[in-house]
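Some structures are shown below for you to check.
Two complexes follow with chain A in common, the first pairing it with chain B and the second with chain C.
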Partner chain A sequence: MVVKCESRVSGKVMVVKRIKKMPSVSGDASDEDEAGADQGFPVRYLREACLLRACNHPNVMKLEFVTYHEGQIELFSEFVGLNVEDYISSLSDEYFTRNKQKHEWVLQLGRYFMKQVLKGIDYCHSIGILLRDVKPRNFLISSDGTLKLTGFVLARFSLLPEEPLTQQVVTLSYRAPEIILGGTYPVYTAPVDIWSAGCTFAEMITGRTLFEGDSEIGQLLKIFKLLGTPSDCNKSFCFEVPSYIELLPQWQPQSLSERLEGLCDEGVDLLSRMLLYHPCSRITARDALKHPYFQGDHSLMKT
Partner chain B sequence: TGLDAQSLLLTNRRLENNIWTQSHACSMRTHLSRQETVTEEMRTVLVNWLIEVHFKFRYREPCLHLTIQLLDRFLARRVVPRRRYQTAGVTAFLLGCKFEERQNPHVGDLSYITEYSSTRQNIVDMEREMLLQLGFDLVQPKPSCFLERFSKAAGLETTQRIDGKMSV
Partner chain C sequence: MAANFWLSSHCTEWLKNAKDEDNNPEVRQRKEKNREIMLSDEEIKKLRIHMSTFISQLGRNLHVKVRQRVISTATVYLARFYYHNSYKDFHPHLIAATALYLASKVEESPVSHIVSALKELHQTKWPKEESYDIRDIVDAEYFLMEELRFNLIVFHPYRQTELYMKDAKLESCVHT
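After this line comes the complex of A and B, so read on.
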């Protein structure tokens, strides 16, 4: 449950996320002893609280403090406002069509937000945090136009060596192919966040989700349909992929600039670099910030 | 993790020594001086026991490093009575696993390995106390992070890396 509140001491407006401590349901059935037993602080919120506390960056939401009473946990964080998903759906269709002026405005705003998205991600990666849940819903827009990264429930602390991690991360539409293909414990690291950021980017420009699959395989098909089926999968992904992939239809890569009407060439180039199959050749957040797309003065015009 | 018992024993000794100095560097000067009933020998015993537990559960090193770090930081801030000392250790282990590993042990199992000297409720309470005391700050550099970073930078082979891991 999330509520807005105001501090009586400082007058600060904050958001409280209240978590009722549930007895664990995930425990295996054979373990009757453990079913319903108190497992202490829930793992996901433990990671969220600790990682948010470790962050200190203008583009990452600030967690003010945490309280932990018997059976109830409350996370107090700064109040930001609307999230990007709501922002996109609040715009009417004509913003995303060829209607020149309004579309231009969306494109500019997209660039302005994307820069902050990448700054936030770059900061997290630089201190060793893997976000694993980058999507429009997890970016909040404050009243002065600053974007704040949130949604650390799935994040974890992980450093350079790639290690097998769990598969059940990242909302499906934003999930990178190496997670979908990697088996039960796929090996992945920072590039998965870049993939998700690329999907977010496209969504801000077009107003629609880039790849909207209904299942893991459906998601994969959507990706291949746009970006082309890789001819040699083991080489494209640098690991053994399941053999069923050879049965998939062979699609040719489509042009991204057609899909993202109106986006300038640099923008399309950046997006294509963010959506490369091979995790190691995918652009890093830091390099993306140096990309020509962000060069020059792009401060927002008042509308 | 494919170590035989002999080399494990050796590693244990080294591991323990190294972490001993490490934690001194990391945490405050007043490390154990605040404690009234807990002595350095007791810490050695506890850390040895934790290393054994950690090995039984087959977790990776960062988890162990975090466990010991948490324990030391907690002891530097809070006076722990002797009978709660093992609870503190096992709780630090629980937090370490929760934070670092894909799966974490059940609280009941942890209570079992202390031969029920710490009940489930004890551990849950201690966890809360530890989290609040440390201000939810579990993200600290661990020896293994440095090792991985440096060995990657130096372009070492896997075997050399494993040697390095052993000495940490």
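After this line comes the complex of A and C, so read on.
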């Protein structure tokens, strides 16, 4: 449950995320059977709390404090505003059709927000946090146009993992191919966040989810349909891919600029670099910020 | 770890030196409280050594078996906790077990049988003493987190040491 509140002490408007802990399996047997007993502070929220505390950046949501009272955890963070998913769905269709002034406005906003998304991701990567859940819902926009990253429930403090990571991360539509293809314990690191950021970018421009698969294989097919089936699999990915991939239809890469109508050439180039199959050749957040797409003055014009 | 140590709370908030210690009223209060239970600075030092041994014994217990990294993190938590608090107010064994429990969660390898390990250790060493159960640990957990101000990420120089040894051509001395 998420509630907006105002501090009586400082007058600051904050957001409280209140989590009811699952009631522990009560009974006298709990001492013998520890697995069913109280697990203390849930690991997901522990992760969110300690990673958000480790961050200090204008594009990352600030966690003010945490309270824990009788099994109820409350995370107090600054109030930002609506998330990007709601922002996209609040715009009517005509904002995304071509040759209209409104579409121009959407494109400008997209660039403006994308720059902040990449700044936030770059910061997290620079201090060693792997986000693993980059999607429009996890970006908040404040009334003055600042964008902040949130959603650290799946994040991890290690860019060089010592053990295999789980596959069950990142919302399916934004999941990078190396996670889907990696088997039960895929090896992945920072580029997965860039892939998700690329999908978010496209969504901000077109108003539609870029790859909307209903299952893992469906997701892969959607990706291959647009970007082409990778011809030499083991060269395109840095690990061994399952053999069934050979049986999939061989699609040719589609033109991204057709899919993203109205987006300038630099923007299309940036997106295509963010959606490369090989994680190592995918652009990093830092390099993306230096991309020509973001050069020049793109401050928001008041409308 | 590929993270930036110099910007972390570990570097900016938790590296203490003796000079700060004299000026900090909280620390002076802690020292006075420690003296009340007849602990001199020398004895505190010994107690700290004992407690880190205790944590590593607990961590190596068959029921728990955590990585060295978790043990080190727990030891740092314990040291940080007793920087602001006195041994008089909190039993170090409870805080040590809680620190290990919390560290195992933060380092992504949660253990669930910490209490059996604690009980076993107590039975072999201090059979007369009562051990703690999971409820005590869960209660102490939040308190510990609050005392650490949620700065739960701790840096360890393991990876760097390994690289350094490699650079010095002393790989054979490193046991990983």
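Couple of notes before you dig in:
Definition applied: the second predicted complex is superposed on the first by the 285 of 303 C-alpha atoms of A that agree within 3 Å, B and C clash if a C-alpha of one lies under 4 Å from a C-alpha of the other, contacts with A are read in each partner's own complex, and residues count from 1 in each chain.
Assume a contact is a pair of C-beta atoms (placed from the backbone, for glycine too) under 8 Å apart; a residue touches a chain by one contact, two chains touch by 3 or more.
For clarity, every value in this text was computed on a predicted model and none was experimentally measured.
Shared-chain residue A:126: touches chain C; no touch with chain B.
After overlaying the two complexes on the shared chain, residue contacts for A:166 are found with chain B alone; chain C is out of touch.
When both complexes are overlaid on chain A, the residue A:296 reaches neither chain B nor chain C. Once chain A of one complex is fitted onto chain A of the other, the partner contacts of A:43 extend to both chain B and chain C.
When the shared chain is aligned, no partner comes close enough to touch A:249: not chain B, not chain C.
With the contact threshold set out at the top, residues 31, 34, 37-41, 43, 46-47, 49-51, 53-54, 66, 68, 127-128, 157, 159-160 of chain A are in contact with chain B in one structure and with chain C in the other. Contact residues of chain B toward chain A in the complex are 60, 94-95, 98-100, 102, 104, 106-109, 120-121, 123-124, 127-128, 131-132, 135-139, 145, 148-149, 152. The residues of chain A lying in touch with chain B in their complex are 27, 31, 33-34, 37-41, 43, 46-47, 49-51, 53-54, 66, 68, 127-128, 157, 159-161, 163, 165-166, 185. For chain A in complex with chain C, the residues that touch the partner chain are 30-31, 34-35, 37-41, 43, 46-47, 49-51, 53-54, 56, 63, 65-66, 68, 126-129, 156-160. The touching residues of chain C, counted against chain A in their complex, run 1-4, 7-9, 101-102, 105-106, 108, 110, 112-113, 115-116, 133-135, 137-138, 141-142, 145, 149-153, 159.
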